[in-house]
Amino acid sequence: MLALIYFIILAVIAVGGALCVLFARHPLYGALSLVVSMLSLAGIYGLLGSPFVGVVQVMVYAGAIMMLLTFVIMVLNGARDSRTPRFDKVSLFVFPAVIVLGGLLGVALVSTPFAFDAGTLRGSVALTSATLFDTEASGHGYFILFEAVGLLLLSAMVAAVLMAKRRLGTTDETEGGEN
Amino acid sequence: MTNLPLWLIPLFPLIGTVVLAAISLASTGSKKGASEGIVGGLAVLFPLLAFVSTVVIGWNMPTQGVQETLGTWIDIGSFKASFGFLFDSLSRIMLLFVTGIGTLITLYSTGYMHGDRGFARFFAYINLFLFSMIVLVLSDSLLLTFLGWEGVGLCSYLLIGFWNADVSNCKAANKAFIVNRVGDLGFILGMITLAMVSSDLLSYRELSAFLRDAANVELVNILLPIFAMAGLLFFIGCTGKSAQIPLLTWLPDAMAGPTPVSALIHAATMVTSGVYLLARLSDLYVLLPGVMTVVVLIGLLTAFWAAVAGLFQNDIKKVLAYSTISQLGYMFMAAGVAAFDVSIFHVFTHAFFKAALFLGAGAVIHALAGEQDMRKMGGMLKKTPVTACVMIFAFLAIIGFPGFAGFWSKDLILERLYVSGPMGPFLYMMALLTAVITAIYMGRLMVLTFFGKYRGGEESEKHIHEAPASMLIPMVILSLGSIFAGFLWAGLIPGANLFEQTLAPVVGQAQAAFGHASVHVSPWLFAVLGTIAAVVGMAVAWKLFANRRIPLPKGSSAPEGFGATWTFCFDKIHGIVISAFRVLAWVAENVVNRFVMMLQWLVGGLGELLGDFASGLQVAKVRLQMALSLVGVIALVLIVLVYGGLL
Amino acid sequence: MELQAVYVQILALILFVIGLLTAISRRNVFFVLMGVELALNAVNLSLIGFSKTLPGDLSVAGQIVPLFTIAVAAAEACVGLAMVILIFRNQESVDSDNYSGMKG
Amino acid sequence: MLLHVLVLAPFVAALLVALVGGRGTSAYRLSLFSAAVLTVASVALIAGGDATTTAIDWFKLPGSDASVKYLLGSYTINAWLVFLSCVLSLAALVFGKSATPEGEFKNFSVGILALLGTMNGAFLALDAVLFFFFFEAMVIPAALLMAAYGGKERKSAAMNFAIYTLVGSAPMAIALWYMVAKSGVTTAEGLFAFLQGQSIETQTVLAISFLIAFLVKTPIFPFHGWQAAAYAESPAPLSAILTGAMSKVGVYGILIWVLSLFSLNETFFTTMLWLGLATAVYGGLMAWRGTDVKKILAFSSMGHLGLAVAAIFTLSPKMFPAVLVLLVGHGLSAGSLFLLSGVAERMTGTRELSKMGGLVKSKPVFGFLFGAAGIIALAVPGTAGFIGEFLVMLSLWDVGPLPTLVGAICLVLSAAYMLRLIQGVIFGKANQCEENPVHLGVLEGSVIGAFLFLLLLFGLRPGIIYENRTPENPETSVPAAEVVPADSLAVDSLALVNESMNTTETTVQTTDSLAKDSVKANAEVTAND
């Protein structure tokens, strides 16, 4: 009962934050409300019994990524069109389509019987580390995946540095990248 | 008994071909070309060796002949064929005169072709021809004969188109090859028909044994329609190779080749292979009286038609070409009344006198620096006496003047025609009439060429010269042959029937089986009538042409007016067939092909339209694209849900 | 009334829908990025929610995968923002419609 | 081992040439060397008789539990076709040196070697999906080479070629997928066993789907729209490979992947027989009217292959050697004619027959080779072409006289257009200036010479081609569980098809068969005497 109440509170905050993102005029407001939404999601993760994911959510998402985003928004704030209209003709098509999609999925969800299982494992740090690094118990798969993600992050960083350097970006290259 | 192996005979010309072809190719780089002495020597040497080995083998030949199998050619279970040679009395005679006359004409050519750029090439072809011809007559099965059969056709093509810088020569060569191809199809289909019964029957010996065996009479009777079909098809092959109606148009055109080629291939040897084939298959043909009637009628028609056509020709070689066709008609007539030995005898004598005539004509042409129109000749008797003598002997032989070779053979043919059956007297009369016409057109040729005054220009008269010795020697030898060859089977002289005795083991049984009407007429009567025909013809020719003013030619030497209609009527018929195919080809290209292409473009155009339509749907905005892709996502979700049973 | 598994999924669905709407219908490139992040979060939530419906060891995968998702999202944000900066330098615009260079 | 080498080594060689081969002669030498080694390997394959590799699982086909096997096998017919593709690729590389622009030879040779690998793969594959993979893959290098080094209209010709062949094999892909999904096996014998249980209508539909792909590849009227342009616009060495080896994949496919798999009814055979004959006549007529040297050769190829297809569908017992000899003979003779016509094109600067001529005078050796190749292509007795066509006519006769007659007309037509071609190219007056810098290289000339020699050799000893060289092994019938010899599969099922044909056939006259028997008996009796 208590869990449900917590859940409802957190869910309302999360949805509210998300709606703020959708309707915000300025990206900065949007970013801030997104942080709120993510924080409440972290709470829900904890509520559901995956505290480690929640913590990572707070640290990486709400902390690092959103900070980066906010920073960039502030840097580029002088853009002449940072206040573009929120919605246009495309939205007229997108809204019904997405709502139909959501409706379909919702129907599917509601009509499918499933429930929490009492025997689920708690997503603690211990469990996570054991799964990721104890290769004898859980096989090599996760470990290799973990290494690969590390490599991906590294290469993403390198790519970002390279792209952001002024000299390297010629007009042609950017257009190619965009397409 | 020790003897030379049979494969030695074709081997020599084959070596000659390879050697001469190598010389020809190797000497293309040099300006002068290979030494004519060496090339000529080699060219004569190999046919001569073949002739010698033929004589040696022929001398020791047992009566029933020698058969040699060299190895398997095709063996696919239901069809077997092997390389094998059969040397019996028939192939002996054919080989003797093929290699003998071949050698003589090669010798002649060394003089005739003197100074030509393709000297070595010419002799390579000639040797290849001799090889093919030897294979043709020496083989022991139809399939191997066919190798020689197409081989000689191929050499004929190469030699007619020898001077290939002139496209008209090439056209004549193509015509010869293609018309021969049509005949060859008859040959192939005939072989296939026989092979349907059994592939063993393609072997001459097996075929004869099968047909002669008394135990097979019923079986043969059942199979008679198949055999009749095969016989007819083989005869079509013969009409192609031996220039009989309806496939005869190529031979006059074939005169585009060098004259020795005309003498060797288109008079003495290759064109007679049809007659040879009929004699080879005599056991088959005597069973088929219907087919034999066709053969004799075609022979008669050809002989008569070609003789008349010979009257209209102005080109000296064309006259001889039509005369060859006409004489071949005689041979087929003889074969058609089952007188195979006589037909081969006429082949034999004809080879001598027609080769002599051609070589003589070649010498005349040589003397006149390439002039072939008889209307520009005349009075050559004094200028080239040796040539004239040779020609006169050969002329007397061809018209059947008593004592000369042609007299004996033609006389025998006429006799056999008369006694052949109910149609005999009619055939005899027509043949005799043809003999008169033969004498007329040949007399015309002699008169226009050798008598009267020279009608060419003053300038060219000075250059007239007698041919060199290398040309004269073969001519003299051949003229001797055309005088004396007939005595091998002189019907009037008792005991002088060596030729008949020789051939008896091969064709005797078949001829006896055919059954002649027992009419008995004195052979002297035929001889007298034949002589009268020759004399009358000569007299008419002399009367008509000796003192008449010959109109000087304008333009080509082709006949005009009625002569042209008569001469070219078969060309017209061929033309109709060819234009039918041309129309078919036109339809194939312009209707069928267009239609297929149109279908192709229709489908292609539809595809292009669809593509344009699709690319029109494409939008430039990334966002819109993503939005549109939502529709797809929805569709996918719907599908999954519906199939998952959730909706 | 207890917390039901389906509630979590419905929340995830709502968040996903809002994220998708933001990503597609907003023109400002920052909103596009944020919409994508939101949708990713919704998916993470869905994964964890479903993993809790499974017994024992089976539930582990659903709790590990969101970690990787977050890492990939970090990489994506990193590269994406670098690209935004780069394009902004050339085009002086954060309107995603202006970026379109596609040929139809 | 040899089989693996023949399929995989060309790709390795192509890779090596691409990586190591420099600008100049090293690429030439390397590619020539590898092609020569492969040719030797193919000869060894022929000499070694039947062989199969052990199956290696490759991947699972989506939608079925069948696992595609990498399984190769050789029996008489495909070993010879592999020989053709190897030897023609070697020739193409020899001629390619002068036929490609300066410095482009490396890429050209990479393409040719890759093409060789795919062709060998298609010929040797015993697994249907593997076969299909190679069958499709060979279009890519061929179309690329065509588009890169061809004549004026090369782009559209290559496009046409690629679209035609790829679209043509789409039904085959579907039919194959259906069969594999249903049966769960991909090997030929497995599919054969599966198909035995299907109704004749199902089999016919599937067979037609297969057939269309092969008819397009061969090509058979009316699926020939791509052919003339593709052959004419390709660089001559590629045309030689296209006609000499690649078109044989179509005939091979009809023989092995249609006839031996499916049991079909007589209507089907008759239709295909007449379609083949129609192609033969049509090709002959079109070649006769053609004005472009390479188009004439293209249509002539079409005619010959039409005859081969017609022969296949006679289902006569003589058909197998007939088609094999015809294919080998045609591959060599048409290949050499295409190669030579490419040289002629460079000598005269045109492909128009009316503008060529006189080459025998200015280039005697070339003239000799061209004339000889042309005459050999006429099926003169003593050449492989004659044996092939004669046996084809024999097979046609088993169906009836009318098909034989049509086949015979094709022979006359082939004489007509081939003589026209020879006359137009090498005879007549020379239209070009004498100082032509293009010459036939020594190596090029000797390659053609070797081809012509082989044609003569096969013409005199055709047994070399159709004899089965498998060493006699009395125990082969016992351990058949593991590896079924591929040849027995092909031949057995063919025999089966024949049987089913013969039971329905009524055209064989009883008297004839009676006569045949008694003649045989008679011959034996006389032999004993």
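The first chain written gets the first letter, and so on, giving A, B, C and D; residue counts start at 1 in each chain.
Please note the rule applied: contacts are C-beta pairs under 8 Å (C-beta built on N, C-alpha and C of every residue); 3 or more make two chains touch, one makes a residue touch a chain.
Owing to the predicted nature of the structure, the values given are computational and were not obtained by experimental measurement.
Visitor: Weigh A-B against B-C on C-beta contact pairs and write down the one with more.
Guide: When B-C is set beside A-B, the one with more contacts is A-B.
Visitor: Nearest whole angstrom, what separates the Cα centre of chain A from the Cα centre of chain B?
Guide: Centres of chain A and chain B (C-alpha means) sit 95 Å apart.
Visitor: If you average the Cα atoms of chain B and of chain C to get two centres, how far apart are those centres in Å?
Guide: The computed centroid separation for chain B versus chain C comes out at 91 Å.
Visitor: So the centre of each chain is just the mean of its C-alpha atoms; given that, what is the distance between chain C and chain D in Å?
Guide: Centre separation, chain C to chain D: 57 Å.
Visitor: Starting from the mean Cα coordinates of chain A and chain C, work out the distance between those two points in Å.
Guide: Those two chain centres are 5 Å apart.
Visitor: Could you pull out the residues of chain D that touch at least 2 other chains?
Guide: Within chain D, no residue contacts more than one other chain.
Visitor: Could you tell me which residues belong to chain C and also touch two or more other chains?
Guide: Residue numbers touching two or more other chains: 24-25, 27, 99, 102.
Visitor: Listing for chain A: what residues touch at least two other chains?
Guide: Expected reply: 90, 94, 98, 101, 105.
Visitor: Between which chains does touch occur?
Guide: A-B, A-C, B-C, B-D
Visitor: Within their complex, state which residues of chain C touch chain A.
Guide: 1-11, 13-22, 24-28, 30-31, 33-35, 37-38, 41, 44-45, 48-57, 59-60, 63-64, 66-68, 70-79, 81-90, 92-95, 98-99, 101-102
Visitor: Spell out the part of chain A that touches chain B in their complex, as residue ranges.
Guide: It comes out as residues 90, 93-94, 97-98, 100-101, 104-105, 107-108, 111-112.
Visitor: What residues on chain B touch chain A, complex-wise?
Guide: 621, 623-624, 627, 630-631, 633-634, 637-638, 641, 644, 646-647
Visitor: Quick one: in the complex, what on chain D touches chain B?
Guide: Residue list for chain D touching chain B: 163, 221-222, 224-225, 282, 285-286, 288-289, 317-318, 320-322, 358, 360-361, 364-365, 368, 375, 380-382, 386-387, 390-391, 393-394, 397, 404-405, 408, 411-413, 415-416, 419-420, 423, 426-429, 460-463, 466, 511-512, 514-516, 518-520, 522-523, 526.
Visitor: What does chain B use to touch chain C in their complex?
Guide: Checking each residue of chain B against chain C gives 615-616, 618-623, 626-627, 630.
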